[in-house]
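Lettered A, B, C and D in written order, each chain numbered from 1.
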Amino acid sequence: MSNTYRLIATCPDNTGIIAAVTGFLASQGGWVLAANQYSDPGSDCFFMRYEIRADSLDLSLPQLREAFAPLAEQFGMHWAIHDASVRKRVVLMASKLAHCLSDLLYRWRSGEMDFDIVGVISNHDDLRDYVEWHDIPYHYVPVPASDKAAAFARTTAVLAEAAPDLIVLARYMQILPPELCSTYPNRIINIHHSSLPAFVGAKPYHQAYERGVKLIGATCHYVTEDLDAGPIIEQDVARISHHNSVAEMVRLGKDVERNVLATGVRYHLEDRVLIHGNKTIVFA
Amino acid sequence: MSNTYRLIATCPDNTGIIAAVTGFLASQGGWVLAANQYSDPGSDCFFMRYEIRADSLDLSLPQLREAFAPLAEQFGMHWAIHDASVRKRVVLMASKLAHCLSDLLYRWRSGEMDFDIVGVISNHDDLRDYVEWHDIPYHYVPVPASDKAAAFARTTAVLAEAAPDLIVLARYMQILPPELCSTYPNRIINIHHSSLPAFVGAKPYHQAYERGVKLIGATCHYVTEDLDAGPIIEQDVARISHHNSVAEMVRLGKDVERNVLATGVRYHLEDRVLIHGNKTIVFA
Amino acid sequence: MSNTYRLIATCPDNTGIIAAVTGFLASQGGWVLAANQYSDPGSDCFFMRYEIRADSLDLSLPQLREAFAPLAEQFGMHWAIHDASVRKRVVLMASKLAHCLSDLLYRWRSGEMDFDIVGVISNHDDLRDYVEWHDIPYHYVPVPASDKAAAFARTTAVLAEAAPDLIVLARYMQILPPELCSTYPNRIINIHHSSLPAFVGAKPYHQAYERGVKLIGATCHYVTEDLDAGPIIEQDVARISHHNSVAEMVRLGKDVERNVLATGVRYHLEDRVLIHGNKTIVFA
Amino acid sequence: MSNTYRLIATCPDNTGIIAAVTGFLASQGGWVLAANQYSDPGSDCFFMRYEIRADSLDLSLPQLREAFAPLAEQFGMHWAIHDASVRKRVVLMASKLAHCLSDLLYRWRSGEMDFDIVGVISNHDDLRDYVEWHDIPYHYVPVPASDKAAAFARTTAVLAEAAPDLIVLARYMQILPPELCSTYPNRIINIHHSSLPAFVGAKPYHQAYERGVKLIGATCHYVTEDLDAGPIIEQDVARISHHNSVAEMVRLGKDVERNVLATGVRYHLEDRVLIHGNKTIVFA
């Protein structure tokens, strides 16, 4: 399988963008494997993602970027060209619950998803053995209520050292401080155990039980400083019944959470998510 | 197909309830076609629904009720025995949108659902021809912002005349006054076009669009004085994408709404919904 | 809302197709509202669909087609440019079951879907009144087992007279003769009441009941001479349980059937379905 | 949480079965936590499952069985009373694919599902390290095409030694010989990677790709001597599109497979599955 480059761009909508970009690619011999465009009617913003066979181009990646830059400037694009063969560096953060972490480790271990796990940070030590069996560094950083500042200072240091492209909160159960959120804009993904915006905050399954809903859900979203309010990447639900206790809702919800989180992370790793204000364009 | 009786009961949980009830039924020769029970662990309430072949009993329905009463009293039951062959009287209330009304009319016309439509009330005259083609009385009761009191007085009178067992708000788009809600407790069913409790109130698809959710939903619930907060009977969702406009969300949502509403109404007509505080037990 | 043109094309895959087509459109001032491409790796076939604002072009539709023809020839395209404002002529064929027919009539009546119903053909007279209330011609063409040839000769004549762009078998329950199928290639849509290829042929719900499946489904597909084997456009399922009788499976299945059929028909009407051998590319 | 007993029974349908059983339980002070019944109209067979609080009974489990036996005989029941605290012995069989095995190991490791894994049998050695990290015996039994008989003789011996209550084929990829199937009737669960009865046999995703379906699925079923034709316990599907390659269908299918298999296994472990000919009654 040949390697691919992924061209991602956002710009004001205009006549001729696709023609200009695909004309440029064609002039370089570029073989387009997948092309997605979206024009947002409310804001007149244009979004695009192209997958190009690397071996169809005469240019190296730096040369390609250089050659593309004038065209991007002409249309006022925010843009990037990613090499699909460069694996993103990911830090996983978890608490005691293992379902999301185990699932991402499985997908990494089996090669189903392409990324490097450069570390796991947890406020508990429970998952250490399992993580270390995978030869992945485990950072136990307790977050005592009495001294969260110190805990997050250490977390920040561990993250800085790890230099992640992406941080995944795999049911981390702690609210990150605003400074940390803003250090990694659109690079922290969380899984919330409800169909947001229903049941923001703590214990959403308890809230769902009290309200007597017939569906429970999970939401994968980027983390912003505003709790559970960042751009949504993916959601799904499971059907429940009056006879499901909170414990059973938790169990049924776990299966939804891990799949929704893995899907959202995969979209991000494959550069399929473009952000538009507080919303996402997902070229699935 | 033989007729059936439906025994519905709620009482404090206790050892021997099922034995007592099924023992009573067996003593009368009663052939149980379906039996559902649920014991709510939080409140120690017990809920049951039995379908009994009418022709297996020696007793008439009044006799059956009389014979059952002492046992019901012993366990402190709220209870009822319904004759499945007695069609419930239903008033449909709609506005201009026809999808839920048309769907219920289809299910009624085709015999898929067993009930009598004793009238349609609408604050617009648009649907008159279609409803009247079905030989169903159409009551056009405008609800001007300037004089809602008079409008609802007339609505109340029309309803009193119709003497409905059930009122279905098939996208009626008006908030019923509290007195009307309390006149028909657990007998008014509404369809709300979101997955409650997300997007309470007006224009939920616009709210969903703004929030950038990936699923839209619909909720069928009993109407209480508290807007969009009554006991939920049924919910479902549909998947959307960034490229779906509000208009497309409305279109996709309509298919979910009509199915969710029809399912909820069917459950009610078949005496499958028991109410427990602000939640429902649905013996589907 | 401005009118749009829809350019649909299939050709051997090659470098520069998108560039050439979008370059052509840009040279005419064409504002692309939606663009979809797909390259089939097995066959090296390329498929595309573009929506262009009509008022952004200086050319009339005939002029546009003429201007595009040389480029289409260069790439060996099968292609068409449709005017979205020209409503397709549709004949509905039904039997006694009304759910799919009623649903399509509702979507037509309410303006949710844009098409003209130029006639209904049925082998029973049951649905006449309902159809005629809509001012749609109703053709009662019985299909006696003893003389199907004559019946289909008359059906063929009625169809020829109606000159449909699309024929929809809305649970028609009769197998069309091969000549009729080949007269309208990729222009006859059927709804089959199973998840094809499971349960081909008659009484699929009975087959599903016997096999004890936990999901029932419906499949919308183009009709070919090979029974239930044509290209699939859309499918969906509903969950069932051991306690669902065949009659209940039929009832639950109806809701799936009408939605799947309507979705497939809408895709076709909006020129979203491209056919590739026995498969479809659906630019949803 | 108190321990429970699970009474499972099948018998010819009759008036008074529920009354007799619940009357018996009540006479022993038995607190019924959950009660499910189903009467199959086609065969006049009756199925029931009761969960009883162990500590509400004066009898030990052997005493309870002895006391219940006469009543069971009177109604001609096939029956059993299981102690929910006795963990079932399970052997997992896998090949190279790890998704189902990893998932069941996670659910076991995390305590989400209660059972003992008494061994893993595989025709490859790939998964040994991972399994042995869990302190579970790993039996590598290659199945060469040239000598399957010897391989299955050894498999049979390993199984006999392990004395499993349940054998789970977690994508084992080999067809078990009939003798092995009949040694463990209704005690071997398989996951098939299609919505049976569609795509029986090898490479169902390839078959699905060729047919151009829009949904792929997975089926959890009991293994009988008839390939992929045993009683179905659970099924689910995932939506695919024309642009999904076989490899992507395999990836998307894995998530469905592992959830469907885990659900089916959980139902079995909790004694929720009763078998009726080639169908299952699942008291979920």
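Methods note: a contact is a pair of C-beta atoms (placed from the backbone, for glycine too) under 8 Å apart; a residue touches a chain by one contact, two chains touch by 3 or more.
Since the structure is predicted, the reported quantities are computational estimates derived from the model, not experimental observations.
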Comparison of A-B and A-C (more C-beta pairs in contact): A-B
Relative to chain B, chain with the most remote C-alpha centre: A
Could you work out how far chain A has to rotate to sit on chain D, using CA atoms and steps of 5 degrees? 180
Does the chain C and chain D pair touch with the same residues on each side or with different residues, judged by whether over half of the numbers are shared? same
Chain centres from averaged Cα atoms put chain A and chain C apart, in whole Å, by 37
Centre distance in Å when chain A and chain B are each reduced to the mean of their C-alpha atoms: 41
What are the residues of chain B that contact at least two other chains? 34, 243
Of chain C, residues touching chain D in the complex: 38, 41, 195-199, 211-215, 217, 231-237, 241-243, 245, 276, 278-282, 284
For the chain B and chain C complex, residues of the former touching the latter: 34, 98-99, 102-103, 106, 109-110, 112, 133, 243, 251, 254-255, 259, 262
Contact residues on chain A for chain C in the complex? 15-16, 18-20, 22-23, 25-26, 29-35, 37, 39, 56
